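These are the structures, in structure tokens.
Look for chain A in each of the two complexes below; its partner is chain B in the first and chain C in the second.
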Partner chain A sequence: MSAVEGGPASGGLPPNTIIAIGVIGGLAGIYLTMLNQTFDTKIFSVMGGIGSIFAVVWGADAVRRVCSYGLGTGVPSIGMVALGMGVVAAIFGLIIPETGILPIPTILGPVISFIVAALIGLVIGVMSNKILKMNIPIMEKSMIEIAGAGSLVLMGLSASIAGSFAFNDAILPGVVSTGYIAIVFIGGAMTILHPFNANLGPDETQYRTLYVAIEKAALIMVIAGFASLTVIDAVSAAVTMLVGLLIFLVYFNKFMKSVHREAYKVVGTGLLPSAEELE
Partner chain B sequence: MIIDPISIALITLGGVLIGLGVHFIPVGGAPAAMAQATGVGTGTVQLAAGAGLTGLISAGFMYNFLATAPGGFGTSDFILVLASGAVGAMIMITVTMFIGQLVYVYCVGVPPVSAKVDKDPITGDRQDIYVSQGTEGHGVPTVSFVSGTIGGLFGGVGGSMVYVQLMQIGNAPADPAIVALAGIFATGVFYVNAVLASYNIGGTIEGFHDPKFKRVPKAIISCLIASLLCAIIAVPIMGGVS
Partner chain C sequence: MIDPITGLGLVALMGALATIAGAAEDLESDVGSQSNPNSQVQLAAQMDFPHRIFNKAISGEPPAYGLWCATGATVASVLLAQNMSVIFAIAIGSLAGAILLGLFSVTAHMGRTASQKRFKQPVYMDMVIGHVPSIMAHGFIAVFCIVSFSYIMFEILGHPFPLPLLAFLWGITAGAIGSSTGDVHYGAEREFQNQPFGSGLNAAQSGNIVRKAESGLRNGMDNVWACAKFGGPVTGLALGWTVFFDNWRSTVFSGMNAVIAGLIIVLILILANRLVEVKARKAYGPYKDEEGGAEPA
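Up next, the complex of A and B:
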């Protein structure tokens, strides 16, 4: 149940800037994992995780904009549908060039995933407004954004676990068969839905919500690094974990500072009183 | 064949059954968490997914057992897997409702009552005089409990239908890659349909006696289109991996 019913979200960076950051940053991160093949190493797997952070920022901002209208069913649903659409689109896009059904070079995989995700998002958004009559003016646009961000998060985290976005060679044995895809699915959904869910209310501000988004994305990146211990080598996994931890600490600090600055008062309650003290 | 129309039709039907099942589950949302509305106090997606994923696990266990047994996988086996998924989902949703009910009755101290009908359509018990003022009912009355169990049935059958079809196209019941891929795809299709259905009911519903239940046709059309789209995408993938 959204506390702020009706009305668009305001303040902070304009939506188009965030969209650009998310799309370019997300895709760049996924493609930069290709440096692994160029230099015959796994150390650049960390780029996938960093790309997923950009995508999470975009997804969380899109959730923030659409949920400001009040969905009537709580914020978590939209995060789960983001990754639900994202996982179907991401795997389709990555696998289609490799099956050889269509003459598409493998390198276009992430872009195809992204386009398919946007397409599914458009269909779901149009149905929400036209058939289910949700009457949220930005529903179609937001669903496209959320599905696109979901697929980028999924691909970014998968690439950082497996060290490459090649489906049959890396993601299928490294992320899908091992079951890490479930962590990526739920963890990715959490990063997109949690920031606005945690911050919603009349005094919600964009930068505070996005601090939480970056901080949560960094935490999932640490988990992805931990998962990649069994998939790629320990040094690359450690790099992913350390970078994730560093980003987490920096942005958690920023979030706490903004909470302390914007709250009317922050007081410590101390420990629970003992039975004698209560009498 | 890379695009098999029967598989696509069955996956779409599975998605529609999931969307239909969500409408039967008594979802109370945040008001029910404070015992101010009938149903279990959490969102549609969490309840449906909890039950549906449990159904998926029990269906997966049954499928693995039957498909790896000598003699292959026949039509009667297909029905057994669907039944297994349905029972798994029904157990999960009934346990959730029952434990929730214990908390509502013995911890919060409210009588299970529906505010949408004057008499319980199943037991015929008077409802309206037990609804606390300013609330929309509490707990899980008999009719909602029965409705929720039916919802688990539809959700479980739908989820396992999607899963079994994907596994049949993958055609390698013991390959962990195929199992995981079919599982995550079924989960994705499940979430898309559950969320569309929950948008249709607008957060809370008591069960099949709720006036909101009349909105079901709209959800069926939406889930049909969404599942069809997902099925057209999923079928070539599973065919492509194997």
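Up next, the complex of A and C:
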């Protein structure tokens, strides 16, 4: 089924596999930054960035599935919605245990954020279908997924900059006050919305879209690593940047190969296809 | 607190920077056919009109410019924290933003073209190599100017927001203005140059964009050459005025007076828009009336 005709996206990895990769990979990445406290270092900040890549893959795939229902110009909007929902949920979820209003351990912060994001996504999804009457069969499910992925990307990148997901001690001074939240927000949104937008067309394939998701998420990870220079130490920042750059190079190469393989033809230069050729 | 004369000088400088930024931003989007005109470039191949026009569907211009400017400002503020000189820091930051723009352009163009396999649209590598540097160069100028006036706002005028956040917001503004002001010149006029002026876009003409240039096949360079005469400068003027008037009113007035001054400026702009519209209608004839018998174009 094609993107132009409008209908469910098909091919490649099934949605549930991607959801599992995104949720487990994303949350694992965020929680693995806790090794920083265990070993009294900042080197594990890189795990936050890697977690964000898993979450971006999930988010981009969810965008791909929902936007296959003919949401041409709506693709960018849906990416912005993702991070809009994600940023509210992430901050709320991380701050709630720290306020002490509810007896929740701080360690549960990311999970609470994730659940809150899913709830916001559900409300937006139901509103889109029931009030705006968009009538996209998978709207509710996709919005839950996109919001969840958005919150994980946000927390992952923030943790990679600040070295921890503790809100008051690390993210507030390191990411929000410095203004790096801007790059986390827009970088996260663009990595989720760009892959499908960049490959939109009837001959889009899931692998190519997800290659773009991974290489773009890795690029944002490099920038997050650079930003972390002023927040954590130089060695940890360099590790985040190098790992990001490596992942970028590998997957950009894979993307290029898939374009060369799947395009009608790749030529150095030339005239337009002739009328006979177009028959 | 800086004295009013210096303040006004800075506001004028910011306006000038914003004017250059706006023009470069719009021209950058014309080289690659981003934003609104992109839908016709995308459609062209599908309607059996293969072309050699760069298909840069990164995203809408506002989020895209939000990202390039936030990247530029983030890199710049990290370098500033390491005590690098301001111009150098902003220039390196803008370079990072431009590189990011280039990489997004490559995936957008090649990805979309590869997804049009069944319409036999080839990927021309000389277009990628030829257009991406031009896109990055225009993008660099735009990001440099936006981050620069955001820096003046943050460091000298004492805006409470940190630099990356300010640049991000101004990037979105620049993208939104470029998308709404300059795109019309490219999308409605340059792409459909062979249609009678003012005829609107008939559904039958969808995707039938001009694909041949004065000599050879038209590409993004020919489009930016045409748009640099009107669309680009007008976008620059729009962004320049936005930045200038907004900062002028808060520099000259304070408190409630600044709000009232802002309202008056908006009223004058609405009035001026109306006058221009009426003048254009008189000069180019009435809009087509669906019910009362349309006049032939």
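By our rule, the second predicted complex is superposed on the first by the 263 of 279 C-alpha atoms of A that agree within 3 Å, B and C clash if a C-alpha of one lies under 4 Å from a C-alpha of the other, contacts with A are read in each partner's own complex, and residues count from 1 in each chain.
Going forward, contacts are C-beta pairs under 8 Å (C-beta built on N, C-alpha and C of every residue); 3 or more make two chains touch, one makes a residue touch a chain.
These figures come from a predicted structure and were not determined experimentally.
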Room on chain A for both chain B and chain C (clash or fit): clash
First, second, both or neither for A:I95, with chain B first and chain C second: first
Partner chain in contact with A:M85 - chain B first, chain C second, else both or neither: first
Comparison of chain B and chain C by chain A residues contacted: C
Chain B versus chain C as contact partner of A:P173, first or second or both or neither: first
Partner chain(s) touched by A:A182 [first = chain B, second = chain C, both, neither]: both
Chain B versus chain C as contact partner of A:P76, first or second or both or neither: both
Which of chain B and chain C A:N197 touches, first, second, both or neither: second
Contacts of A:M127 with chain B and chain C, given as first, second, both or neither: first
Doubly contacted chain A residues - partners chain C and chain B: 72-73, 76-77, 80, 177-179, 181-182, 185
In the complex, chain A residues that touch chain C: 3-4, 72-73, 75-77, 79-80, 177-183, 185-187, 189-190, 193-194, 197-204, 208-209, 212, 215-216, 219, 223, 226-227, 229-230, 252, 255-256, 258-259, 262-273, 277-278
Chain A - residues contacting chain B, complex: 1, 71-74, 76-78, 80-81, 83-89, 91-92, 95-96, 98-99, 101, 116, 120, 123-124, 127-128, 131-134, 168, 172-173, 176-179, 181-182, 185
For the chain C and chain A complex, residues of the former touching the latter: 39, 42, 46, 48, 50-52, 57-60, 63-64, 66-67, 70-71, 73-75, 77-78, 81-82, 96, 100, 103-104, 107-108, 110-126, 161-168, 211, 217
Complex contacts: residues of chain B adjacent to chain A: 2, 29-31, 43-46, 49, 176-177, 180-181, 184-185, 187-192, 194-196, 198-203, 218-219, 221-222, 225-226, 229-230, 233-234, 236-237, 240-241
